[in-house]
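Labels A, B, C and D are assigned to the chains in the order they are written; within every chain, residues are numbered from 1.
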Amino acid sequence: MPELLQFLLSGITVGAVYALVALGFTIIYNASDVVNFAQGEFVMLGGMITFFAHAAGLPLPLAALIAIIATAGIGVALNKLAIEPARGAPVVSLIIITIGASIFIRGATQLVFDKQIHRFPAFSGDQPILIGGATILPQSLWVIAGALAIFFCLWLFFTRTLIGRAVLATANNRIAAQLVGINTNYVMTLSFAMSAAIGALAGVLVTPITLTSYDVGLALALKGFAAAMLGGMGNPKGALVGGLLLGILEAMTAGYISSQYKDAAAFVVILAVLFAMPQGLFGRKSTDRV
Amino acid sequence: MKFSLTTTALAGTLALVLGFAAPALADIKIGATLSETGPASFLGDPEAKTLKMLVEEINAAGGVNGEKIDLIVYDDGGDPNKARTFATRLVEDDEVVAVIGGTTTGTSMAIIPVFEDAEIPFISLAGAIEIIDPVRPFTFKTPHTDRMACAKIFEDMKKAGISKIGLISGSDGFGASMRKQCLEIIGEYGIEVLADETYGPTDADMTPQLTNIKGKDGVQAVLNPGFGQGPAIVTRNYAQLTVGLPLYQSHGVASDGFIELAGAEAAEGVRLPGTALLVAGLLPESDPQRAVVVAYKDAYEKATGKPVSTFGGYAHDALRILVDAITRAGSTEPSAIRDAIEGTSGLVGTTGTVTMTAEDHLGLDLSAFRMLQIEKGGWKIVE
Amino acid sequence: MRLSSKATTLLILAAVIAIAPVFFPSSYYFRVGSLIFVNGLAVTGLVILIGYAGQISLGHAGFAGIGAYACALAPVHLGLHPALAAVLGAALSAAIAFLVGRPILRLKGYYLAVASLGFGILVSMVLSNEAQLTGGPDGMAVPELGLRAVLKAIGIDLSNTEFWYAFSGLVLVIGAWLALNLYHSPTGRALRALHGSEVAARTVGVDVAHYKLVAFVLSAVYASVSGSLLALQNKFITPDVAGFMHSIEMVTMAVLGGAGSMLGAILGAAILTTLPQVLTVFQEYEQLMLGLVMMLVMIFMREGLLPSIARRIRGRAE
Amino acid sequence: MSLLQIEGLGIDFGGVRAVNDVGFSLKPGEIVSVIGPNGAGKTTLFNMISGVYAPARGRVALDGEDVTRMPPHQLARRGLSRTFQNLQIFQSMSVLENAVAGHHLHERGSVFADLFSLPAARRRSRASEESARALLDRVGLGRAAEQEAGSLSYGALKRLEIARALALKPRVLLLDEPAAGCNAVETEEIDHLIAKVAAEGVSILLVEHDMKMVMRISNHIVVLDHGEKIAEGEPASIARDPRVIEAYLGAQAAEAQNADG
C-alpha cells in the first residue's frame, strides 16, 4: 500500500508540473486560438533567469521576480513581433511560427547563458515529508500549491473579471468583440504577458525538482500540450485535471507495468480519450456553421 | 513567367548550396563533428571547447612539426544523419587528414563507414565497444568502453560482497548503451539484476521506479547508468525515499557539476568510476597522470570558466594522440597518421596511459578508471 | 490553379537534378543533393496530406522510421533483399496508417496535431526501447542495397555519393510524377474539395473520412520510402529518424516552401536541408537563425516561399 | 407519390428548440419554398435534411427509404444535392475544377489508376470536364471557366454552386438563397434555371428571401417561424394568410426596434 501512495505522490508532483505548463497554454489559446509551442521556453526562461540572477548574488525571491517580469516581457515581444503579424494564418503555419520561436529562444538562451544543467535550492529545504509510509519533498507541495493557485486565479479571471470575459469574447468572435468596444490588441498582449509569467512562475517552482537547462522547454511544452489537449484546450479545469491525470498515469505505469513504456501509456490514453471525446475531457463542443 | 520564376528560385538554392564557404588553405587540417547542441550537448559542448582551446595552444607554441593546425568543427546536434553529412563534408570538401568526433555512439557508428571508405583516421569520443570491436583499420577511440566502466563497478561490488542489484538506467543513448553492455558481462561477476527500471531523459521524478527497486527483496545495491540531469534526480529521489543501499553512478556524471545538481547531502556516499581528471588535486605527486590532468584542468577552467568534465578529457586525449602521431609520422598523409596512431605507446592522457596495437584501437585498461566516492561534497579515491 | 502544369514541374525538377552536378566542386555536394531528394520525397507525400487534403500530421517521421527499420531488420530476420524490405516497409506503413488514420482523422486542427504527434512518439519509443531488436538509441547497421554493384557490372561506375544522388533523384521524380498525376485526377479533386470545404465536399458525394484516409496512407508510404532511402544510403539508422524533431522538420519543409505547390515544397526541403550546412559559418548562432527563418517566412510569406514570391512577381507584372 | 417526405423533424441547440415538428413533402419536379423571418430555422432545416446536422426527432424519407441522420455523401449517392447560404466554394480551385468536383460520384475510381494516370482515370476526368463545361454554360459561367473561383462575384459564385450541385444529376436539389446578392437580371436568370431544372423532373426545395421570386416559381410554400411550421399551401393562399403576415410584420417590428435601440 505504501507503494501505491508513493506512486500517487510522485504522479501528483509530476502532474502538477504538467498542469502548470498546461495552464500557461490556456490563456493564449483562449485569446487567440493559438497553441503556443514556445510555452515550454517560458518555463525554461523562468528557471534559467532565476538561477543566473541568484548566482549573481540576488536573493531568490527577487531573482524569481526578475525572471517572471523578464519572461512576461519576452512573451509580449513574441506576440507583437510574431503572432500579431501572422493573424489569421492556418493552424500549421502557427505551429511552425511558435516552434520557430521556441528554437530561437533556445538558441538565444544558450548564447546568453550556457549549456550546463542548473538547479537552485528548494524553497523550504530538502527534508522529505512522511505520509503513511510514502514521502514527498516540500518543493513538490510548492508546485502543487502553485498549480492550484494559478488554476483558481485563472478561474476567477475568466468568470469574475471584465477583462477575463473580454479575453473569452475575443476568442469567440474577434470582430464582435471589437464592435462592443474590446481592445483586442490589448487583450492579446495581456494574455501573452500572463501566459509567459505563468510559465516563468512554473519554471521557478519546478526547477529545484526537475533541474533546468537551455533545452528543457520542448519536452515540457509537449507534455503540457498533451495534458491540455487531454483535458480540453482552453479550459483551466481541463489543464489542471489533464496535467494531474497525465502525471498519475505515468507514475502508475512506471510503478506497476513498465517504466520503459510509461510515456507510451500516457499517449495511448490521450489517443483513446480523443477518439471517444474529440474535444478532450472538458472541451467545448462545437458545431459547424454552414 | 512561371517557368523563369521557378528556375530562378531553384538556381538560387543551387547558389546557396555552392556558396558554402571554403576555409582558407592551412597546413594540417583536422576535422571534428561533435554534438555541441541537442540532447548530447552536455558531452559535446566541453569536447568542442577543449579542442578549440588546445589547438589555439598548440598553434601559439609553433604548431606540429612547424606546421599550424587548422581545426574545422561542425555541430551535428546529435543527429547521426547530420553527422554523416558533416563527415562527408570533412572528407570530400574540407579534405582533412584526420577526424575527431562522434560524441555519441549513434553518430560515431553512422560516420565510421565514411572514414573507412576514404581511408582517413578517425578517433571517436563515444563509449560503446562496437566502435573498436571488431577493429577497423582507420577507427580509434579514447574513452573507456562502457563495458570497462561496468567491469570496474562490478569489481567494486564484488569486493563489497554485493551479488544482487537493482538497475535504473536512462533511456537515452548513453544510458541504454551502458545498460546493454553491463548486462552482457554481469554474469562473469556472479551478480544478479533483480530489478531493471528505466526513465526518460527529461523525466522529473523517478520515485516510482526507485520505490519498486526498494521494495524488491534482496537488492543490495543500485546502479544508475545515465548522464545529464537524470542521475542527479535519481540521486535526490534516492535520498528522499531513504533507500539506504549503496548507490553506484556511472562515469557519465563524473564531474563536479553532478555533486552540485544532486546536492552534497543526497550525493553523500555515491560511488562511480571516474578518471584521474576529476581528482587531479588528490593525485599523489608520483602519479604519472598528475601533471597532464592538472595542466588540462587548469587551462580549461581558466579558458571557459566552467568546471572540467570527463568528456572534455576524451577530446583532449584524442587530440594529444593525433598530434603525437603526426609528430612521429613526420607526415600529414592520412595513412601515415593512421599507422602512427596504431603505434601510440605510453601516451599519458586524462583517461589513462594509452598504448595501442593493431588489435587494440583503444589502448586503455581497467587501471585507468579510479573508483571514486563522494564525501562531504568532494571526491575521494577508494582503492 | 496554384500548381504550374504537370509537365513544367517535372521538367524543371528533372533538369535541375540532371544539371546541378556540373557545378559540384566535390562529391560532398552529391551527398547534400541526395539528402534534399530524400527529404523532398517525404515532403511530396506531405504535399498530398497538407497541400491537397488540408490535414496536418506531426507524426509522419514515425512512418519514415518504419521504412528505415524495415530495411535494417527485414534482410537480417526475414532474409529479404533490401529493396524488397523497403517495399515491405511501405506496405507496413500503409497498413498502420490505415488502422491509425481512421480514428485520428476524425479530429481537427490542434487535436489532430496532438494525436498524430502521439502516434509518432509511440513509434520512436518502440524503436528506441526494443533494443534487442533495433539496437536501441545507438541504432543499427543497414545492409547494402547492391544496386551500385549491378550498375558497375553493366559498365556504369558511380561513386557511392554519386549513385545515391542519382538514385534518390530518380525516386523523387517518380514520386513527384505520381503526386502530380493525383492532383489532376478525380481523387486529387476530391482531396482538394474537402480541403476547400468539408461540408460542400460531402454534399457532392465525397466520402470525407475515406479520402482523408487515402491522403494519410499515401503520405505515409512516401515517408516510409524516404526513410528506407535514408537508411540504405547511410547504411546505419538510429531512432532519431522517427523522432518528433524529424516530423517537425518535414512539415516545416513542406509549409515553408509552400505546401500548395510541389516545387515550392521541394524547394523548402532544399532550403532546410542546406541551411544547417550554410549556417556552420555562424557556429553558435545556428539555432537562432534557424528559428528566425522559420518565423519570418511563415509571417511574411504565409503561403510559403515559392507561391508567395510567384504571387508578388505576378502582381508586379500585371 | 412523394419523392422527399419530411415528418416531425426537430433539433435542439443547448436546450433551445431550434426546429420542432416540421413536416411536408415534395413530389418529383415540384418546387417547394421554405420561407420565414430571419432565425426561423430554415437553414437548420436544410442542414438536417441534407445530413449536415443530425436531427433529434422526426424522420426524412427519400423515395420511400428512411434516410434520417444519413451522412451527406450517402445522401448524395441517393440523388440529394444542395447549395449553401454562406458560400462553400472550393477556393483554391478554378471555376471549372469546382464544377468538375461536383461530378465526384460519376468520376471516382481506383486511387491506383489516378496515381498512375491510367487511361481509365484520364477518361473519367475528361468526361466530367466536358459535362462541367456544359453545366457552366448553362449557368452562364462558361467564359469564366479558367478563372480562380475566388475571383468571381458573389452572384456568380451562387450560380457556380448551383452548377456544382447539378453535376451530381440530383433527384432532389436543396437551394439555400440562390438569388442572394444577385441583381435583378441575374435573379431572373436563376429563376429560369430553377424552373428548367424542375421541368426536367428534379424536385427543388428552396429557401429564398426574394418574395417575388418565391411567389413566381413555387408550387408549394412552407412557412416557418421560431422553428415551427405555421402555415403551408399554394403561393396565393400563403400571401393572404394572417399568421404569415403577422410573423413577418412582427419580426420587422422587432427589427425596427433593434435598429432604434
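Going forward, contacts are C-beta pairs under 8 Å (C-beta built on N, C-alpha and C of every residue); 3 or more make two chains touch, one makes a residue touch a chain.
From a predicted model like this one, the values you see are computed outputs, not experimental measurements.
> Could you find the chain whose CA centre sits the greatest distance from that of subunit B?
It is D.
> Whose C-alpha centre lies nearest the centre of all protein C-alpha atoms?
It is chain C that sits nearest the middle.
> Roughly how far is subunit A from subunit C, centre to centre by C-alpha average, rounded to an integer in Å?
Centre separation, subunit A to subunit C: 32 Å.
> Averaging only over C-alpha atoms, locate the centres of subunit C and subunit D and give their separation in whole Å.
The separation of the two C-alpha centroids amounts to 41 Å.
> Taking each chain's centre as its mean C-alpha position, how far apart are subunit B and subunit D in Å?
Between these chains, centre-to-centre, one finds 70 Å.
> Give me the residue numbers in subunit A that touch at least two other chains, ranges are fine.
110, 260, 263, 288, 290
> Where does subunit D touch two or more other chains at once, residue-wise?
52, 84, 88, in rising order.
> Can you pull out the residues of subunit B that are in contact with at least two other chains?
37, 171, 198
> Residues of subunit C touching subunit B in their complex?
Those residues of subunit C that touch subunit B are 4, 8-9, 12, 16, 20, 23-29, 31-33, 35, 128-129, 131, 136-139, 141, 160-161, 230, 234-238, 240-241, 263, 267, 270-271, 274, 276-278, 280-281, 283, 286-287, 305-306, 309-310, 313-314, 317.
> Which stretch or stretches of subunit C touch subunit D in the complex?
Listed in rising order, the residues are 1-2, 178, 181-182, 184-190, 192-193, 195-197, 199-208, 214, 218, 260.
> Report the residues of subunit D in contact with subunit C in the complex, numbered from low to high.
It comes out as residues 50-52, 71-73, 75-77, 81-82, 84, 88-94, 97, 100-102, 104-105, 107-109, 111, 113-117, 121, 124-125, 128, 148, 161, 164-165, 167-168.
> What does subunit B use to touch subunit A in their complex?
36-39, 41-42, 45, 171, 197-200, 202-205, 207-209, 211-212, 215, 228-229, 232-233, 236, 239-242, 257, 260-261, 263, 265-266, 306
> Going by the contact rule at the top, pick out the subunit A residues touching subunit C in the complex.
Its residues touching subunit C are 35, 82, 85-86, 89, 91-97, 99-108, 110-111, 222, 225-226, 229, 233, 260-261, 263-264, 267-268, 270-271, 274-275, 278-280, 288, 290.
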